[in-house]
Amino acid sequence: MTDITTPPPDDAQDQAREESLFEAPPLGEQERMVEAILFASAEPVKVAELNARMPHGSDAAEALVGLKKRYEGRGVHLIRVGDAWALRTAPDLGFLMQKEVVETRKLSRAAIETLAIIAYHQPVTRAEIEEIRGVSVSRGTVDQLLELEWIRFGRRRMSPGRPVTYVVTEEFLDHFGLGSARDLPGLKELRQAGLLDNRPPPGDLPLGSAEEDDDPDARGQSEMFEE
Amino acid sequence: MTDITTPPPDDAQDQAREESLFEAPPLGEQERMVEAILFASAEPVKVAELNARMPHGSDAAEALVGLKKRYEGRGVHLIRVGDAWALRTAPDLGFLMQKEVVETRKLSRAAIETLAIIAYHQPVTRAEIEEIRGVSVSRGTVDQLLELEWIRFGRRRMSPGRPVTYVVTEEFLDHFGLGSARDLPGLKELRQAGLLDNRPPPGDLPLGSAEEDDDPDARGQSEMFEE
Amino acid sequence: MAEPETDIETDTVTSIDARRAAEALIVDVDGFEGPLDLLLTLSRTQKVDLRAISILDLAEQYLKFVDQAKKLRLELAADYLVMAAWLAFLKSRLLLPPEPGEEGPSGEELAAHLAFQLERLQAMREQAAKLMARDQKGRDFFVRGVPEDVARIRTVTYTATLLDLMQGYARIRTKDEFRPYVMDRDRILTLEQALDRMRPLIGFAGEWTDLTSYLPDGWGGDPALRRSATAATFAASLELTKEGRIELRQAETYAPIQIRRKETTDD
């Protein structure tokens, strides 16, 4: 009798190969497998490793061809990295990988004061602003207001050094809901509104005349506020 | 000093933005975008965030419908997690992923039961969990579930002592592949059988009599489950 | 965990198998999560649907279990004994007709609730098992292996209100001009200042306190300052008394003046 339980080794191998050929999953299924492995993998995966992880008889290289076609023109691409493969978001959609966060901050006290002086005294030079505030004005503060488009450069002053002046913009009026810079309340109104803690000085200086002390040479800025 | 971190947008960008106000990208393009965003994220992404990141006028919800269809039967699935969406590998391909398996700490029987009770009865107080299990809940059990981010604190119950309640999280839904807490298996049957009712014990039962003091107002399980 | 395959008959625990099962339960007593868990395990020996379970039989099984544990000198936790006592009570309620005028729920009601608790616990156990059998993230399905970072682009916008602007301007325009006027009053404590100072403090004056302790720091040394501060503080205390917020007393002429908060709850 022949020993049927132990076939010759060659036959066994052949049989296994044959079986695995029959057992290999359909190509569509292999594509799914490659897709899942590449999706979950932290690194690009070599074809050999794909084959090792997939059921016997699978042909990762062929599945990759199909998968590459499937992802053409999509939001995700199948790309080759050296001798390995990876899924990556389409390069043209890189702009989606950012999130815009808008943060609103209160303007600094220095900036508010500088802005107020420009609004009440425009056109006004930096030296004049410093004189009114009693402290120097940093370049950053002015830049910030320029960038916010709340102030802009006015005409140069016809005085030694021809310093630039600053004026407020339409954007400024818009933001603060003012028809014109003339609509800014005067000192008297500020006081009536309780914005001034101190008692009125004997003379109750109107804004316009206070201006004169600051800048005797300046012409034109005060008439805006004269009633 | 300047605080400005972003330069003003250039003209090209402005123009693009203006155009996009009038014309949302075609739906196919929106699908690509949603695909890329979800693909790039390990966490589920909320529809609102998708919309915020896509160009003006995009409708992520609509794009998701198309995308879901596209991924049907693939190696990667588009799944809903609460009000967010995520791409996940198809569960039937888990066998290919031995390399990616994350070893998780084995949960105790007490922890698993407590988790199920919270999921089905949420929002639920500790006293209610103890009444259902007939045994006190150890601090470690709750801590473990909190640490896994499968449960979190819900609103306090408006009853004497204002006990905290526990609810399950989006991470819980994601982990167990649930679209929402309504998708918990057998929820309807349990409710119909009255097994999710908060039925006060008649008189003095050795188990759960403490519950009465804690929470006389407790009304059934969460409104989450009400249709 | 012992899964008793054999019935423990309520009247005859004679067969060796049954005794072994009962002992297995007892030996495993640490494995139970409380008396309800034990009851649920015992109920399985009835081999019926939980809805059709005989609570009376179950009570007897439980009491027998506790008896045997005692015989084996196993120490049972208190809640097992509390449950035993309660089940004994339930048994008597179920067996004996209710006495006329007896208060409280009937035996049937109590038994029904216990059955409900058992059924609910059983249901939760089954759901827990189903939950853990679901496909799980990181075990059956997987997330993207190389998530991409989302860059956060921060845009800072600055705002200010018209009020800010006006206050800012008022600050500049007034800071020099009126200062001397205020400085004249440097060495005088006004009634308003004393009131401002006392108002937030009196809330804490539950006991009689010497009025002089309310003088501002640094006003007690120089006689001129002290005089002004004392006068203003006294005037302020009169004002607060008038408002009904404090009480004021003096034991005799020239004795220290004392104040304390008036309890508003009294009226």
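The letters A, B and C name the chains in turn, as written, and every chain counts its residues from 1.
FYI, contacts are C-beta pairs under 8 Å (C-beta built on N, C-alpha and C of every residue); 3 or more make two chains touch, one makes a residue touch a chain.
In this text the structure is predicted, and so the values were computed from the model without any measurement.
Chain centre most remote from that of subunit A: C (centre = mean of CA atoms). A simple rule picks the central chain: find each chain's mean C-alpha point, then take the one closest to the mean of all protein C-alpha atoms, which gives B. The geometric centre of subunit A is 44 Å away from that of subunit C, both derived from CA atoms. Taking each chain's centre as the mean of its C-alpha atoms, subunit B lies 26 Å from subunit C.
The set of subunit C residues touching two or more other chains comprises 142-145, 148, 150, 153-156, 158. Within subunit A, contacts with two or more other chains are made by residues 36, 39-41, 89, 97-100, 105, 144. Listing the residues of subunit A that touch subunit C in their complex gives 36, 39-43, 86, 89, 97-107, 109, 111-113, 115-117, 119-120, 132-134, 144, 148, 176-178, 184-185, 187, 190-191, 193, 195-199, 201, 205, 207, 210. Considering their complex, residues 31-37, 39-41, 53-54, 73-76, 87, 89-90, 93, 96-100, 105, 138, 140, 143-144, 147 of subunit A touch subunit B. Residues 33-37, 79, 82-83, 85-86, 104-105, 109-110, 113-114, 116-117, 119-121, 123-128, 130-132, 134-145, 147-148, 150, 153-156, 158 of subunit C touch subunit B in their complex.
Across the complex, subunit C meets subunit A through its residues 142-146, 148-178, 181-182.
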